[in-house]
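Heads up, the next two complexes both have subunit A, just with different partners, subunit B and then subunit C.
And then the complex of A and B:
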C-alpha cells in the first residue's frame, strides 16, 4: 500500500476540480433553454456530445496528485478520474445512437443525460458516504426518466418497475447508511478504517449490498433489470447496463474495499455466494431464451457476477492474511480493466439492436444477418466473442486478469466455477453467431441507421484493440492504487 | 513511446504490407507483388540501418510488459542482425524473381500477401526478445508455410503435402512448447521475465546454478525436438520433399532462406541452454545433424524430381549446420559463427539453385523429371550457367563460398575426433565426410542430367531462356555464392567476437578434394551422356532401399499412422462420441434449469421484492452462523 501524503486543496483552487461538473451542468441548462426555441434533436445531441467531450478533456487536465477538495467532500485520485472518464464514455456512447428513437422532448432527454453524468462524476470523486448517496440518487432519478422515453406500453412498464425497485433500493441504502454510521461514527470511508466489526456493521453490509446491488443487478436483486433492459429504448438499455451499473459498482468498490476493510470474512462469504449465484443464474437463464435483447439482459447479469468477483479476491486476501496490499491492488486493477472493456462490449451489443428495423428481435429475426451486412455481423460476432471471453478480444484480457488474481489469492475453486460459467456462456453467444451466419434469411431489413452501425463497428474495433494494447494493465495498476492511496 | 522504431519496422513493414497487398490485388493483381517486394526492400534498408547501429554498439533491446511476467519486444544482437540481413536480402531477391515467376497466376495477390506475411513472421521470430513471442512467430511461419505449400490447392498432391508439412512440424512444435513450459517453471522463481531471451544469452554462465543441469538438459532436448521438426532433421524430415508441390519460389523461400533455418537459429539463439546442460544435449545435436547430413544426401542420389533432389540436399546441408553447433563442447560458442556462416552461404546458393530450377521448370511446363531434360545448357545458356554456379557451390568446389563454410565444419569434426580420442567420436566426422561425397554425387548427377547430353524429351528440345532482366536477382545471388568466401574471417569474428578461422586438417582437405574428383568423374561418365539408361538400377544393391527413402515414409504412414494411430484415434472417437452424448444430456439439463429459473421472472414486481427479502433473511442467518461477527 502506498502511503503518500494527500494534499488538501482549499479556496479558489478547488474550482479546477469542478470544471467538468460545471461544463456539463451549464450545457444541460443550455439544452433545456434551447428546447423553448427549437426542437432540433440534432442540435441538442451536438451540444451534449461536445459538452461530454470537453468534460472528458477537463477531467484529464485535473492535477494528477491525490487531494481532498471542499472540506473533504471531494477526494480526488487517479482511480476516480479513471472511472469518471469511463462514465463520460458510457454517456458519449449513447448520445448519437439514441437520436433514432427519441421522437419528442429531446431537450429533456439530453439535458437529463448530462445531469446524470454530472452525478456520476461526483460519485467518482468522493469518499464520503453522504455525497456518494446523493450523487447516486441523482443518477437514479435521472435514469428513471430516461427509461420512460420512447413512449410505448413496454417502456412505461419498464420505467415503472425500475422506479419502484429503485425506491426500495434507496430505502435499503438509507437504512444501511444509518447502521454504518451507528457502528463507525463517521460517513468518511477513509476514516472508517479503525472500526471494529459489530453486529450493526453486518446489517449495514447486507443492506448496502442490497441497495447498490439493485443497480449492479446482482442476484437476487436482478429481476427488475431483465424487464427494464428489455423494455427500455435500446440505447437507454445500453446506458443502464453500462454507465449506471458501473457507478453502482464503483461505489461498491469504495464502500466494501475501503469502508469494510475490517470484516474480510463476512464480505468474502457474502460476495462469493452472490457472485456464484449471479453468474450461474445469468448464464443458465440466458441459455433458453430466444429473444436477442433478453439474451443481452441475462448476459449483463452474468457479467455482473464476474465483476463482483473482485470483492471475493480482496476480502479473501484480507481474511486469510495473505499479501493483502499487492493482491488487492491487482484485483482492483483487473476490475477496472473489466469495467472499461464491459462498456464497449455491452454498449455495442445493445446499440446493435438499433440497426435492425424491428423492435425486440427474436433469434429468428436476425437469422441470415451476415448476408445483409457482413461488417455489422462481424462486429457483433467480435463483441459476443469478447463477452464470452475468447482470446484476441479485450473480453479475454479482462476475464484473464480477473481469474488470474482469483488463482493468485488461492481461490482456484472459485476460478474454476467462473471458468465453467464462461464455458456455458459460450453456448448462447455462439447461438446468436450461428443464427447470423448459418441460417436462412429472415426478411427483417436493416434500419439503415448509420450512426448505430458506426457505433457497433467502432466498439468492435475498440474491443479488439484493448487486447493488443498490452501496457494497459500496468497503467491501471498505477491508477488502482488511488483507491487505497486516499486511505493513506 | 516505442523506442527503436526502425528495428520494429523490420518485421512490421511486411506484416502491414501483407493485407494491403491482398486488398490492392483485388483492383490490380500486379500491384500486390510490387507492394510486397517494396515492403521487404524497406525491411532490408532498415536491417542495414540497424546493422550499422549494432556493429558499433552491442545489443538493441526494447521490451514492454505483455501480461503477468511475460514481456514482448525486440532483441537484436550480432547473431540476430546477421539473420535479419540474410532473410531480408534473400527474400527480396526471391520476391523480385517471383514477380516474373508468378506473373501469370490468377491468385498471385494472395501469393504475395502470404509470402510477405511469411517473411514478416520469420523476421519477427529472429528479433523476438521473448521465447513465447518467438513461439508465436514460429507458429505464424508454420501456418504460412502450410498456406504456401498448398497454394495450388486444386492439386490434390499439394493439399496433402501441405497437411503433411503442418502435421509433422506440429510434433516438433509440441516438444518446443513443452520445453517452454519447463523453462518457464524453472526460471520464474528467479527471473522477473522467465522467458526472456536476453536473460538466457547474457547470463549463460549462471544458468546451471540457477536451474540445474538436469533441467537444462531436458529443456535443451525438448528445444532440439522443435528444431528438428522445423529444420527437417531426421526423423522429422519427411515433410520437406513433399512440400515441393508448392510454387518453386515458395520452395526457394521456405527451404532455402527462411523457415527451415528457424530451427538452426533456435538452437543458436538459446545456445547457452545446450552448452551448459549435460554433454548429452550437444552430442544429440551433433549426432542427429551429422547423421542427417549423410542420410539425406544418399537419398538425393536416386531421386529423379529436380526439386526433390534440391530438397534432400537442403536437409543434408541443414544437417551440417546442426552438426557444427553440436561441436560446441570442444570449441565453445565459436561454433555458432561456423554454423551461421554455412547457413548464410547455403541461403545464397540454395535460393539460386531453386530459382534457376524454377526458371527451367517454367520453360519445360513443369516437367520435373531430370531424366527427361538433357542438353539444356545449349538451349538456356544463362539459366543453366546460373544453375552451374549454384551446383559447384553446393558441391563445395574449391574457392566457392561453400568450400570455406562446409570444409571448416568437416575439418572441425575431425579435430574433435582427434582430441577426444574415442572411436565413437569418429562417427560424426565419417558421416560428414561421406556426406560430402554424397553431395558431390547428387549435385553433379542432377547438373549433368539437366545440362549435358541430348534433349530427352520434346519439351527439353524447345526450351528457351527467360528474359535476361528477370535473371538479375539470380545473378546477384550467383556472384555472392562465388565470392562470399572472402568474408569468412570477418563474418566469424562479427557473429561471435574472438572467433577466427580454424585450421583445417590436411586429412579432411585431401579427402574432400579426392571425393570431389571421384564424384565428378563418376557422374560425368554415367550421366553426361546416355550411359545411365543402360544400367538396370534395380539390380544395384541398396537402390531399392534408397528409392524408398529407407522406408521411413512407409514406417510413418503404414506402421505408425495406420497401424497404431488410426485404431487409437477410433478408440478415442468412440470415447468422444459417448462423451458428446454426455455433454449433450448435461447441456440439456441446463436448458431445462434455465426454463425453470426463467419462471421466476414473472414480471410481477411484488414477487421480486419477496425474493429479495427471503434471500436477504437467509443470507443474514448464514452470516450470523458462519460469519466473523
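And then the complex of A and C:
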C-alpha cells in the first residue's frame, strides 16, 4: 500500500480542482443559450468538443498528489484522474458521430452531454457515498434524456424502459446507502473500517450491487440493456455502453473494494456468481442473434462479466489472506486498462453502425461490406478481434492481465470459466467478419458519414496501439494505488 | 544478430504486399525467396561449424520492465530447421498460387509466415503465445475467403477449435509466471527462466500437472492427436491448395514444436503417466488415421488423414524418448523432430502435386481420376515419388524418421511396437492403392486430354523431391542440429 500522506487542501487552492467542472458547466449553459439564437448543430458540437478537450487538459493540470478538498467531499487521486479522463474520452467519442442522427433540439443534446460528463468527473473525484450518489444520479438523469433522442417509436420505448428500470435501481441504491450508513456509521468509504452491524452491511452489499449492477448491466439486472442499446441512437448506445457503464463500474470499484474491505468472503461469493452468470449469459445469448446491434448489446453484457472479475480477484485475495496489496493493486490496474480499451472497442463498434445507410442492420445487411469499404471493414474486424481477445489488439492485453491476475490470486477454476467464455465469444464476433468478407453483396449502401468512418478507423488504430504500448500497465499500476492510497 | 533483420524484413514485406495491387504476386514470391535464401545461408553459416545446443543469435527488446515483458528472438538447432522448412514451404505455396492481382491473398500468406516464424523464434512465452494465436487469423481469412463450398463453417471450426486448445496454453503460462514470481520475486516471461527444471520442481505437484496438461491440450489439438483432431481433415479439404500446403507443411510443425521446443526442456519433471498417455494417443492416432484414410475417396482428404497419422510418430517419439535413456532415447527424440521436418516437406510436396492434378485433370477424387500416367507421366511419376516418401520407403526422408523412432523406442514400447508396424502396413497399403487407382490402370476416358506439368513446374517439384531424397540418404545434414539441441538441454 501507498504510504504517502494525503494532504488536505483548503481555501482558494481548492478552486483548481473544480476548473474542469466549471468549464464543462459553463459551456453547457452557453450551448443552451445559443439554442435560442441559432439552430446550427455544428456550433453546439464544436463548443461541446472544445469544452471537453479543455476539461481533459485541466484534469491533467491538477497537482498530482492525493488530496482531500472541500472538507473531504472531494478526494483527488491519480486513480480518479485517470477515470475522469476516460469519461471525458467517452463523451468526446460521441460528440462528432452523433451529429448525423440528432436532428432536432441539438442544443439540449450537447448541453446534457456536458452536464452528464460533469457528473461523471465529480464521481471520479470523491470517496463520499452521498456525493457519489448525487453525481451518479446526475449521470443517470442525463442519460435518460439522451436515450430518448432521435424520435422514433423505438427510441421512445428504449428510453422509457431505461427510465423505469433506472429509477428502480436508484431506489435500491438509496436503500443500500442507508443500510451502509447504519452498518458502518459513516458515508466516507475511506473510514468504513469498523463494522457495527454485519447483517446491515450484507443488505447494503446486496442492494448496492443491484442498484449499480443495473447500469453496468450485470446478469439478472441486464434486461433493459438489450432493448435500450438496441433502440437508442447508435452514438447514444455507444455512450450508454461505455461512459455510463464505466462510471457505475468505477463507483463499484470504490464501494466494493474500499468500502467493503471488511467483507472479502461475501463480496467474493456474490461477484463470482454474478461474473460467471453475466459472461456466460451474454455470450450464449449473442450466439443466436442475427442483428448486429443486438449482438453488440449482448457482447456488452459479456464484457461486463469480464470487468467485474476484478472484484472476485481482490475479495478473494482479501479472504484467503494472500499478498493482498500487490494482487489487489494489479487487479485494479487490469480493470483500469480494460476500461480504457473497452471505450474504444465498444464505442467503435456502435459508431460503426452509423456508417451504414440502414437502421439496425441484420447480418445479411452488412454482407459483402468489405468490397464496399475495405478500410472500414478492416477497422471493424480489428475491433471485433479485440473484443474476442485476439493478440495484437488492446483487447488481448486487457483480457490477458485480467486473467493473469485471476491465476495469480489462485482462482484457476474461475480463469478457466472466463477463458472458455472468451473462446466461445469468437463464434459470434467472427460471424460478423465472415459476413463482411465472403458473403455476397447486400443492397445496403454506405451512409457516407465521414465523421463516423473516421471515428471507427481511429478507434481501430487506438485499439492496436494499446497493445504495443507496453509501459502503460506499470503506469496504471501506479495510478491504481490511488484507490487504496486514499484509505491511508 | 541477423534473424531479427530477416524477421523485420518479412513483417514489412507482408504489410507492403497488401498495398501494391497487381505486383503483389511477384513481390510476395521475391520477398519470400529472399527470406528463404537468407535463412538457409544463415543456418549454414551459424550451425555447421559445430553446433552444441542453446539459442544462437539472441535478440532482446525491453518492452516493460514492470511486468517483465521482452520481445526476444533466438533460434536453436531445432527451431532453425523448422524455420528453414517453413520458408521453403511458403515458397512452394506461393509458387503454385495462381491468383493474379490479389494483394489480400498474398499478404495473408506472408502474414501466416510471419506468425509461424514468430512463434518458432520467440524465446519468451508471452510472444510465443501471441504469435501462436495470431497465426490463426490469416489462415482463418485464407480458408474463409478462398476456400471450398463449406468454407463458412469450416473456417470458424478451424479457428474456434484451435483457439480453445490454445487458451489452455495461456493458463499454463500464467501459472508459471505467477509461481516464478512467488518463488524468486521476479516477473519474467523468458523461456529460459520459466522452463527450467530447477524452478519447475518447486511448484506443487498438482499445479505441475495442471501446467503440463494445459500445454498438452494446446499442443495435441495442433498436432493433431486422435480425439481432438476433427478440425484438421475439414480445414485441409476446404482450404485452397496452396493454403493446404502451408497448413500441412508450415503450421503442422506448431504442435511438434510445442512438444519438443516448449515441453522438452522440462523433461525430467514430466510424470511417466503423461508420457505413456502421449505414447498411447500416438499409437491410437496412427492406427485410427491410417484406417480412416483408407476409406476416403477424396485424395486431398486421404492425404490430410495420412498427414495426421504420421504426426502420431511425433508424440510416440516424445513419450518414449524421454522414458528411454542413453543413446536410444536420443535417437528416438531426434527421430521425432526429424519426423516433423520430413513430414512437412513430404506433405507439402504431395499437396502441391495434388493441386496440379486437380487443376489439370479437374478432379481430386478416385471416381474422377484413373490411369493419368498415360496422359501426364511426369506428374504421375512425381506423385508416386511423394506417395512412396509418405509411406516411408527407405532412401527417402520419411523412412529415416520412422526408423529412428521405432529403433529408439523399441526398448520402451516392447511388443507395442507391433501396433506401430501394423499401422505402417496399413499406411503403405492405402498409399499403394491410391497410386494404383489414380495414376495407373485403365485411363478414365471422361477426363479427355490432360496437360502434363510444364517444364518450370516439373523442375520446381523435382527440386522438392530431390531434397526429400537427399535428406533421406544423408540424414547427417539435419541430425547434428537435432542432437546438438538435445545435448544443449540434457
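One rule holds for everything that comes next: the second predicted complex is superposed on the first by the 486 of 488 C-alpha atoms of A that agree within 3 Å, B and C clash if a C-alpha of one lies under 4 Å from a C-alpha of the other, contacts with A are read in each partner's own complex, and residues count from 1 in each chain.
Simple rule for what comes next: a residue touches a chain if its C-beta (ideal position, glycine included) is under 8 Å from a C-beta of that chain, and two chains touch if they have at least 3 such contacts.
Since the structure is predicted, the reported quantities are computational estimates derived from the model, not experimental observations.
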Legend entry - Clash or fit, subunit B versus subunit C on superposed subunit A: clash
Inset, instruction - In the overlay, answer first, second, both or neither for which of subunit B and subunit C A:420 touches. - result: second
Inset, instruction - Look at A:404 in the shared chain and tell me whether it touches subunit B only, subunit C only, both, or neither; answer first, second, both or neither. - result: both
Legend entry - First, second, both or neither for A:140, with subunit B first and subunit C second: neither
Inset, instruction - For A:455, select first, second, both or neither according to whether it touches subunit B, subunit C, the two together, or no partner. - result: neither
Inset, instruction - For A:228, decide between first (touching subunit B), second (touching subunit C), both and neither. - result: neither
Inset, instruction - On the superposed three-chain arrangement, identify whether subunit B or subunit C touches more subunit A residues. - result: B
Inset, instruction - Report for A:261: first if it touches subunit B alone, second if subunit C alone, otherwise both or neither. - result: neither
Legend entry - Partner chain(s) touched by A:471 [first = subunit B, second = subunit C, both, neither]: both
Inset, instruction - Could you look at A:385 and tell me whether it touches subunit B, subunit C, both or neither (first, second, both, neither)? - result: second
Legend entry - First (subunit B), second (subunit C), both or neither touched by A:315: neither
Inset, instruction - Select, from 169-177, 385-393, 403-411 or 439-447, the region of subunit C that bumps into subunit B once both structures are placed on the shared chain. - result: 385-393
Inset, instruction - Mind sorting out which residues of subunit A both subunit B and subunit C touch, each in its own complex? - result: 400, 404, 424, 427, 470-471, 473-474
Legend entry - subunit A contact footprint on subunit B (complex, rising order): 64-68, 72, 587, 590-595, 597-598, 600-601, 603, 605, 607-609, 611-612, 615-616, 619-620, 622-624, 626-629
Legend entry - subunit C-facing residues of subunit A, complex: 385, 390-392, 396, 400, 403-404, 406-408, 412, 415-416, 419-420, 422-424, 426-427, 430-431, 433-434, 437-438, 470-471, 473-474, 477
Legend entry - Residue ranges of subunit C in contact with subunit A within the complex: 63-67, 69, 129-131, 133-134, 136-137, 140-141, 144-145, 151-152, 155-156, 159-160, 163-164, 167, 170-171, 174-175, 177-178, 181, 210
Legend entry - Of subunit A, residues touching subunit B in the complex: 161, 164-165, 168, 197-199, 201-203, 206, 210, 220-221, 223-224, 226-227, 263-266, 269-270, 273, 281, 284-289, 319, 397, 400-401, 404, 424, 427, 470-471, 473-474
